Structure formats: structure tokens, C-alpha cells
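The next part holds the structures, each set out as C-alpha cells.
Shared chain: chain A. Partners: chain B in the first complex, chain C in the second.
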Partner chain A sequence: MRILKIMPEKCTGCLRCEIACSYMQTGTFQPAKSVIRVSPFEGHTSYAPYTCPQCAEGWCMTACPVGAITINAAGAKDVLDDTCVGCKLCTIACPYGTMFYDPDTRKAFKCNLCGGDPACAQACPTAAITYDDVPTVDWLGDFAAERTTRLLAGVR
Partner chain B sequence: MPARHLIIGGGTAGMNAMRTIREEEKERSELTLVSAEKPYSRMVLPYYLDRSIAESHVFTATAGVLAEWGVKAHLGRRAASLDTKANVCTLDDGTTIAYDDCLIATGSSPVKAPVPGADGRGVHSFWTLDECRRLIADTRPGSHVVMVGAGFIAFTILNSILARGATLTIVEIAPRILPRMIDATGADVVEAWLRKHGVTIRTDARLAHIEDVPGARGSKTIRKRLRFAKGADIVADVVIMATGIRANLEWLKGAGLRIDQGIVVDDHLRSTVPNVYAAGDVAEGRELISGASVVHAIEPTAQEHGRVVGANMAGRQVPYRGSLSMNIVEVCHLDIASFGAWDDPKAEAVTGVKSDRSAYRKLLWTGDRLTGAIIVGLSSAIWTTNDIGMLKGLVHSQVSLARFKDYLRKNPFDIKPAYIASKATSKLLPQTVLGRPSKAPGTTPVAV
Partner chain C sequence: MSPPTLAASATKTKSAPARPGAYAGRLLRVDLTRKKCWAEPWSPDEMRDLLGGVGLGALILYRETATRGGKGNVAWDHPDNRLVLATGPLAGLPVWGTGALTVVTIGAQTNGPTSTQANGFFGTNLKYSGYDAIIVQGRSKDWAYLYIDDDVVELRDAKFLLDKDTWETQEALGAAHGLSGHQLSVYAIGPAGENLVRFAAIHGDYGHVASKNGCGAVMGKKKLKAVAIVKGTQALTAADYRGVIQAADDIAHDLRTDPSAKSLYEYGTLPGVVNLSKLGMLPIKNYTTNVPYDDTSTWEAPKLREGFDHRGHQCNACGMHHCHMQVIRGGEHKGKVVDEPEYEGWSGCGWQIGARDKEGISWLNTECDRACVDVNEFGWVCGWVMECQEKGYITKQQLGFELRWGDIKGAHRLLRMISHREGLGDLLAEGVKIAAERLGGRAKECAIYTLLGASPRGHDHRGRWDEMLDTCTAGTGTLESGVPVHVAELGLPTRITPFDGEAVSRQVAGILGRRHFEDSLGICIFTARTRMENLCRALSAATGWYYTLDEAMRFGRRTAAILRSVRLRCGIGPKLERPSARYGSTPHDGPAKGQAVSEQWEKMVDTWYVQVGYDRKTGKPLPKTLKDLRLDWLARDLWGAKK
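Entry: the complex of A and B
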């Protein structure tokens, strides 16, 4: 299965992925409605995009009481808008923090790999996000662990 | 001869068990369901109450699905007794069903406050579809609805009652709202928010009596007067009792199962009688973090229990890692969520409040790990949703946060860097409940 491969070292924090994602997902150019989210590290000197890893369990999908989350043709867990009632159970079942809720539509939404042509990967000018046939892994953990030392310095 | 599986209860646990049996089995078994009601999801009844969905939307298995799954369904019937020596279940109409193994997933029933008048007309519970229909019929724009009990169930229908144009008063016997879901500080934030949104709240209110208010001559509607141990009476058009639930276990007297808080189950969700499983609200099983034996009467536990039982009934040996307490409810666009041991007096607690934004975080630490969390915040704020999911992940994964503990103590609202840098994702990705990738609902292959 092709998934979103994220190489945070290449991310410049331009937020084009968030703009493209929010437009694809909700029809608005509104980063707050993007399901890929860029986080700053080390005082905004480096950045990394974070999104649903399309995990094997699909905690969101198994939790949904009305079967509103399914697996689409691209292999992504996908919310069926007509079936979702907006109960938010998926937002507490998902342990990755990648289920979202749109208060305007009262529906849950998430990364569905844009059905097989992810807008974030298309929009990324540095190929920090690519759509590749690789196993899903924790793309950000090591990067973030190295880049939180300044955040943590002087905390005590 | 194919195995004969009996599923008693058509709620979340029972439905997940049946689907998983059909997913896992090599050879088609005989599958029998006993369910007092046509299977539907109680979770979505609030959305039927406010009419944002049609009634047909609540059903989890139509006759067609049950037929496709090859389920012999006894709908509208209740199990009356279980003979675990003869492996026979007797229904309330005298029908007997022989089984090779069975699942008890009979769920819970609402309990009304034990006061005179609680059983009278116009005093509702909100638990079943029938009760939901009656509440829809009785609640009109301008109705004054009084909800007795300020717990999770009450809060799940708070938005729906307001959406129907009713005015709402909540009375609670405890000194604060949501006493079993969040702590006192969080409850203060929520209470202030609800008052701002026109909800009347009366805590420390011990209901003493409910009586009919004599109506105008010929009037068909009944108004209700609620009298309290102290303080003024309240007159209501509709009374809803949301005063707790009790597991449906009475029918198992004499069945020979060990029952403590619930039916005691092992790590494969088998009761003390090995071919009898229990799941959901009636089961007392392993808790994820502590390993203690607990009842978690919540939807996610019923779902996971049901799937693990289904796999084991189909012949696999799937241990259950344990359930995690979790709840979320949204009231007037304010999210309220809690996870794990949010009320553990032995845990080290770190809190942050932003009263002007109605935001609250409480992180509960046991050593370097988060063992509980409370989150309150505006639904429209993206950081609320982010923190809800990531705090869930930190509690669920039990990843070490040693490096971040001091930082989070000072910055309890900045969860994300800690989540990502602690590599919770690495720890979570290999985890599955059944030891394999989950299948999408509706794509269950039916073994022939």
C-alpha cells in the first residue's frame, strides 16, 4: 500500500500542505481544518508535518458505533459523511491524535489519502511529503527527540 | 458437526462478536442471537432525539445483514436462565437453545432514583430506542425539561434537548456536575460554560418526591412537580432520570458463574465456566494499565471485548490486553474528555486552567508515565482535539515521558512536542486488538 512518507529534515514549514489539505478535505483554505499538521521545533527553526499513519488496527474504524469509517480504494481509513453522526468516539479511540471534528458539518474527518492522490504530497515543494509504497513507520520520533533539547533546556 | 455459538445480547459487544466470528472462522458455524431489541446503537440515539438522523440510522443490523451473516435471531426475547452444566439457555417464552459456547452480553438497564413518583407518567429514562421515541413525543419547543442526574448519559442528550427548543434544568445530588467523569476544577469550568449558555444547574439537590401538577380541565399533558429535601420545588413538563445504570445479571442466578462487580472473566474473556464468555457492561475484566479486574461500562470496551470473544469463539487464542476508561461528551460546543485513572488519589497531578477560554488540562502521573488525563476545551479550537487524541495516546501507549515531565508540569497545554518526541507512534503502530489488521465494517467475508 502507498502511504505518506514524511522526511521532516526536508520540511521548510511553508504550510502549503496544510492549505492544500484543508481545501481538499473541507473546500476552504484554512490550515485549522487541515488533517496534516505542521509542528514547529527548536524555536521555529525546524518543522515537521504529522498526519494519520493509516495504522493496522484502525482504532477510529473499529470504535465507530455506526460503521461510518471504512477502508477506501487507496487503503486509507475514510469517514463516510452520510453515516457519521458526530459522536466523537473516534477522536478518543485514535491514540495518534489524528481524528478531527468539523464543528460546521458536525462530522468527524481524517486523512483519507485524498482517495489515492494526496494533495499534501502534490503541494510539498521540497518532497518532504511523498506518496510511496513503503511500510508506515514513526517518521518524526527521532527528528523530534533531537530537536526538543532546547525546548527542554532550562525547564527546571 | 459445526460449532454452535450462542450470543446473548444484540448490543455493541454481541454485534462485534458475531462479525468477528464470521471474519475468523474457517468453517461456517451455527450462530444464534438472542436480543430483547432489534440491534441498534445506543451511542447514536442522541442524534435521533434531535432529529439530525432518521430512526433507520440507529440500527446496526437489519434483517438483511443478519441473514447475510447466517444468524438465527430470536429478537424481542430475553434469556431467562442459563444451565451451564447442560449447556442450554432458556428464553422468556420457554424456548430452549443448546450451545457449544455462549457469550453473555446483556448490557445494562437504567436505574431511577428511588423516590415516590419516579415511576409515574412523564418521568423518562433515556437508554433504549423506545424511551427515545417517548421523549421525542413529549418534548416540544418551550417545554421545561428537568434532568435528574448530571452524569455522562445526561450530558450526551443535553445538546439534543436544547436543539428541540426546550429549556433545561439539571439537578444533581452531588455537590458538582459530572462527578464520575471529571474532577471538581473541570466541573467548575463546564458548569460556568453551561450557565452562560442558558442551562440552569442545581447541585447538592436531593430529590424527595415527584408528583403530578393538576392541569387545566380537559388537558392531556401532565406537568410534574419535583420536591427536594431542601430548597424550592421545580415544575417541569418533562422529567428525565439519568441516575445511573445497572448491569443485567439477575437472570444468571444459579448459573454457577463467579460474579463480583460483573461476571469475572480471564484474559481470554472466559468466565469461570470455560465455554461461557462475557463482554461489555456485564464483564469484569482486565484493565489496560494496572491489570486490575474492573467493569468499564463504555462503548469502546464493549467493542473490544466483543471482537476478542468472537475471535476466541472462532477457535483462535487471543488474549485481551485490557480496557482503558475513556469518555468524551460535547455540550454547547465545549468538549469534555477523560482517560484512564483520572481520579487516582495516588497519582501526581499537574493541572492548567485558562478560564477565559474554558480550557482545562489535568495530567496524572505515575512515575514517568501518564496514567490518566482530563481535557476540557472549545470544540472549535484545534488544540482541544489535538490534545484529546495525543493525551489518549500517551495514556494508552504508556510511553516513558521522563524527559518531558518537568516541561509538561510547566506547560500542561503543550502536549504535542512531548507526544511526538516520546515516540509514542513507534510503540503504538505494531499494536492491534486481534493480532492482525482490522477489516472494514461491511466487508466481512462469510465463510461457506
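Entry: the complex of A and C
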């Protein structure tokens, strides 16, 4: 299955992925509702994007009491708006913090890989996000650990 | 004044047409005297007329800073001066480099209008909070900062930020609000702004500076320490979303592949050092020579970049390899995080003051940003003091220490004296023009400035006549026409002889307006280095207008005419449109050796006036020019009712 591979060391924090994602998700430009989120590290000197890794366990799916989460054609867990009752259980179940709740629509929402043509990967000018057939690994763990304990390379 | 207020006409419009896409639709008015903040609507017609950025700012200055029934203007330090912090329609969209801030105010260096730009995330955060611009007026009794979080807009006590430099201010505000990185965009002044240094800048988001004409002093006079904007949660619409994305991709393609933009794409402004040194445009030791004193091969862009550990630190949606954070690898400042200097930093804190130590220069450059001192003017002041000391025009007693060429530590001491107005720093804080005129004599002859009073960019303009002419004649006191980009689009020759005054004048006049258009969109000047056609296409898709190149140029020239009218009202006429003796001198060595701009100057100015359609004697845009620009109201104001 193709997934979003994230190379945090390439990210410059331009947030273009968030703008593109929000357009796919909401039909407007509204980064606050993007399901890919770019977090700062080391204060202001590094950034990394993060979104649902489409985990094999699919905790959100298991947790949903009304069966509103399915697997779409791209293999992504996807929320069925018609079925979702907005109970937020999935947001609690997801261990990665990548299931969101929209108070305006009162529905859960998450990365659905844009149905197979992810806007974030297209938008990223530095190829920090690519859409590849690779196993899911923890893209961010080492990066986050390293970049919260020291500043730029070569500096303690 | 002739044009009605924005708020008035917005409410007057009956059956108002729908708001164009991409606009937040509101202006944020901040009255520091009355401690009040409120949102004002502006109408779709005004959006089309003024766009945003400098277009909006120019009209606000024209309308709101006049005195004596339009015959005079408030001074930069008057509470009625406006500080317009505006972004534009493209800000926050996926077009590269669209977080821009354009500052429009009566500047402290010329005491006339200015327009100066920075990037980062100001525009993004402001637009997503629901505002297109902030208009600051009045003067606070106590130091305050403006906090914006969607509809929470407050003036808050800034005591805890006082005497903090701009980076420290951003860190302190981030900590106070529990936000980091782009979650909080902060534009602030450092000590130089607090102490009303005339070339104080407004600095933001670690490395972005609206540097020109003392806009930081205006902010200081108003006792506004910072503007902090939380990443907003509102939505921005576009008339044609796919169209915006497609235009953005085309612009990106242009920037990546066009020869004139490609080096910027790869290395930002770093290649400037070596490239300009070959053309006699690198300012070396206060214009005392034009021959590099250091091996320029060690200044090639890749070497400058690889000399440091670095990370990309781009602005909104930007894919340029331009802004970077870097860490100093060795020397006294080892381990410090700084902003990679622009070309202007390598020249102002480097070549202009005779320095070679790249780590030292890089550090000093960020120290200027932290103090909020314009790095160009700092270079002109510091290099001037160095030359004057060498020649005995400024003594060790006067300065308090010896300052020799290339002395980074000494330069930093000078920076501190200036930003805190200590000792001779108090005079130097007035800028090189005023300082030189006060000292007079031989010292004055060495100083680089325009008689308008604002700072030339960090070049040796004796080899770049277009920018000298532009800087000297500008309505803003600093570069106004800007650099020639894709001039064929405007029907201008793609190559001219740089020392043919007539051709230079025609080119500077021919491109007048393009920069105003760029600076009204909320886009970076670097990512605007695409064909205007592409910019118009992005604007059309975003707003739903059909916006053409003709309209863009007319808009730009209209804005230039309004700014110039404000400048004239400030009492700054054509007599002051000249370089200082040193600035306009003839290089005696280097690639531009013997090229005497002074011999062609009068002719150049004459030609420029004819080409832009302004009156040489009074400086006013001619009635016909104004009519062609559809500025009949301005024609009436400037020339009286039609005879």
C-alpha cells in the first residue's frame, strides 16, 4: 500500500502542505482544519509535518460505535460523514493524535490520502512528504528526540 | 480630502457586490491613544482599486495624515501619523512566499512616506485571523503590544518586553502565550526602536525585516513594542481554487527554471557578493575603492552556505532555498543560532566596513536585526565612521575608542552605542545624512546618502545607476521602481548599456509601478520574480476579477503618484532628489572606473521626469498623467479645479 512517507529533515516549515490539505478536506483554504499538521521543534529552527500513518491496527475504526470509519479505495481509513455521530471516541482511541473533531460540522475527520492523490505530497516544495509504497515506520521519533535535546547539527 | 473614507463608502454601498475571493474583508483599526481596537469593513470596489499592501497604505496616508487642508502633513513622530501594517490578496494562499507584510507610514529618516516590506508569516496569520491590514494610530501612554487571536484583539502591557531585542521579544511572547514557531507571528522593535533611532526597523519571525526609512522609530514613538498574531482559524476562499493552485505551480516553475530567478531559487541573495563585485557594484570600504580586498572565490554562494550548519526557514508556502537559520561553527560566537545573512548583510556588515571574518559578519548581521537597526544604514554609518577615523575627521576622543576597518567587535560596540544612543551614538542614531551634515567639513564629503535622507541599498550604486536614480527620485525615499524583472513584458529593451544615462532613465521610468503592484499582493519580492502575467493570473483566480497586466501597471503608477503627492505635501521637493557628494562620485578603480554619473545626472533626471509624466519644477504628477491614471480627484487636489 502506498502511504505518506515523511522526511522531517527536509521540511522548512513553509506550511504549504497544510493549506493544500485544508482545501481537499474543506473546499476552502483553512489550515486550522488541515489533517496534516506541521509542528515546530527546537523553538523555531526546525519543523516537521505529521499526519495519520494509516496504522495497521486501525484503533479509530475499532473504537467507532457506529461503524463510521471504513477503508477507502486508496487503503486509507476514512470517516463516513453520513454515519459519524460526532461522539469523539475515535479521537481518544487514536494513539497518534491524528484523528480530529470539527466543531462546525460535528464530525470526526482525518487523513484519507485524498482518495489516492495526496495534496500535501503534491504541494510540498522540498519533497519532505512523498506518496510511496513503503512500510510504515516511525518517521518522527528519532528526529523529535534529537531536535528537542539539542540545536542545529554540530552544536551541543 | 477627496476620496471618502473606506468605512463610509463600504457602508454606503447598497446591494453590495459579493466580496472578492481571498480577502478577509476587514481592516483592523488600532487607536493607541484611546486604547481601542475595532474592525472596519472595506468595499469590493476599494479592494479592486487599492488591492492591499502599499496600494491601501498609500491612500490611507493621503487621506489621514494631511494638515492645513491638504497643504501640509503630520511629521513622523506625531500621534496622527499612521502605521499601516498591510498584507494583500495573495497572502495565506498556496502561492510561494505569501506571508508578506508591507509597512506604510511617514518614516523617520525622510519625514516623508515610506513603503517597506518583510515576509515570514505575518500576512498568513493576519488573514486567517480575519483581517487584511492593521492601521495603527495615536500614541500609547505606556508601552503596549498588540495581541490578535481571531476575534480577540487586545492592547496588552509590554513592560516585561522592554529593552529586549527582537528575538528575545518573540521568545518571551511565545513563552507567555505557550505558542512556538509559526503558531505565533511576532513583529517587534528592539532597543533601537525604543530609543527612536532614525533607521530603526521592524523585525519579525526570526530574520524578516521591514527595514527602510525608520518605520521602527515610528513604532517606538507610538510606544508599540510588538504585534503578535496567533495562527488564525478562519477560512479563505478563492473564486477558482484550482486556478490559484495552477498559477502557483506556474510561478514556481518560472522561479525554478528562469535564468534570472534560478540563482535566487537555489541560493537566495548569496550569489550577489561575487556577481556584483565583478560589475563594480559591491560597496567596498565606504566607496573608497571598488577592488575587493579579499579572495572572492571564498565568497561564492555554495561556500557561504556550506560554511555554516543550516536549515531552511522559509516563509508561507515558499519553496525557494532562500531564508535559512544557521549556526556559527567556530570563533568567538561558536554555537549561536543566527539568520543566514542576505547579500545586504554580507555587504553592510562585511564589505562596506572592510570585514573578512565570515562568522563575525554573520553574527553582527543578526545583532543588527536583534537591535532592529537597518543593516544598510548601519553599514553606511559604520563604514563612514571607520573612514573618518582613519583620516582623522572623527577622533578617538569623539568616539571613545578606535574603530578600524574590519573590526567586528568595534562595529558591534558602535551598534550598541547607536541603539542605546550612548555618546557619539546619539548623533549617529540620526543616520549618516544628519550626522554628516552636523559634523560638516571633510567628514561630510565621505558620507553616503541621498538628500531625501533614507538609505540606499547595500550596493556601490556608482556602478548601478538605475538604482541610484530610483533611490534619489522615489516617492518613498528608497528604491521604488525596483529591479528590472521580465521587462520585455512591458515592452522595454531586455538589455541596456548601464552607463548610458538616457537608457537607464527610460528603464527606471518604464518599470515604475510594477513594484507597487507586487507590494500590494502580500507576496515576496523574490517569488514575484515571475512574469506579471502569472501574478495577474493568480490574482484573478483568487479574487474572481479579470485582472490584466495593463490594470496592474496602472494600479502601480497610481499608487506611486499618491505616494509622491504625500511626499510633496511633507515638503520634500525635487531639489532634494540628488546623491551626496560621495554617493554620486566617480569610482577611481575597479570595473566601473571613470564612469561619472555626475556628468549625466541632470539629463537623467530630466528624462525620468518626462517619461513618468511628472512636472520637473514642482515634482507634481502632471494633470494629464493623473487623468490617464484615472486620478481626477488627485488632479483637483494638486492643481485645483479644471480651468
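FYI, the second predicted complex is superposed on the first by the 149 of 156 C-alpha atoms of A that agree within 3 Å, B and C clash if a C-alpha of one lies under 4 Å from a C-alpha of the other, contacts with A are read in each partner's own complex, and residues count from 1 in each chain.
Quick note on the criterion: a residue touches a chain if its C-beta (ideal position, glycine included) is under 8 Å from a C-beta of that chain, and two chains touch if they have at least 3 such contacts.
All values derive from a computational prediction rather than experimental measurement.
J.: Go through the superposed model and pick first if A:96 touches only chain B, second if only chain C, both, or neither.
T.: first
J.: When both complexes are superposed, which of chain B and chain C contacts more residues belonging to chain A?
T.: B
J.: With the two structures laid over each other on chain A, which partner does A:110 touch: chain B (first), chain C (second), both, or neither?
T.: neither
J.: Just chain B (first), just chain C (second), both, or neither: which does A:5 touch?
T.: neither
J.: Examine A:32 and indicate which partner it touches, taking first as chain B and second as chain C; both and neither are also allowed.
T.: Both chain B and chain C are touched by A:32.
J.: Kindly classify A:15 by the partners it touches after superposition: chain B alone (first), chain C alone (second), both, or neither?
T.: second
J.: Once chain A of both complexes is superposed, is A:70 in touch with chain B (first), chain C (second), both, or neither?
T.: first
J.: Looking at chain A, which of its residues have contacts with both chain B and chain C?
T.: In chain A, residues 32, 39, 151-152, 155-156 are touched by chain B and also by chain C.
J.: Which chain A residues qualify as touching chain B in the complex?
T.: Within the complex, chain A touches chain B at residues 32, 37, 39, 41, 48, 50, 53, 55-58, 61-67, 69-71, 83, 85-89, 91-101, 103, 106, 136-138, 140-142, 144-145, 147-148, 151-152, 155-156.
J.: What part of chain A is in contact with chain C in the complex they form?
T.: 11-16, 19-20, 22-23, 26-33, 38-40, 43-47, 123, 125-126, 151-156
J.: Hey, which residues of chain B end up touching chain A in the complex?
T.: It comes out as residues 12, 41, 43-44, 46-47, 52-53, 57-58, 60, 299-300, 303-304, 307, 326-328, 330, 333, 335, 337, 339, 379-380, 382, 385-390, 392-393, 396-397, 403-404, 406-407, 410, 416-417, 419-426, 428-433, 436-443.
J.: Enumerate the contact residues on chain C facing chain A in the complex.
T.: Where chain C meets chain A, its residues are 92-94, 96, 121, 124, 128, 170-171, 174, 180-183, 205-206, 231-238, 241, 245, 252, 309-319, 325-327, 329, 335, 337.
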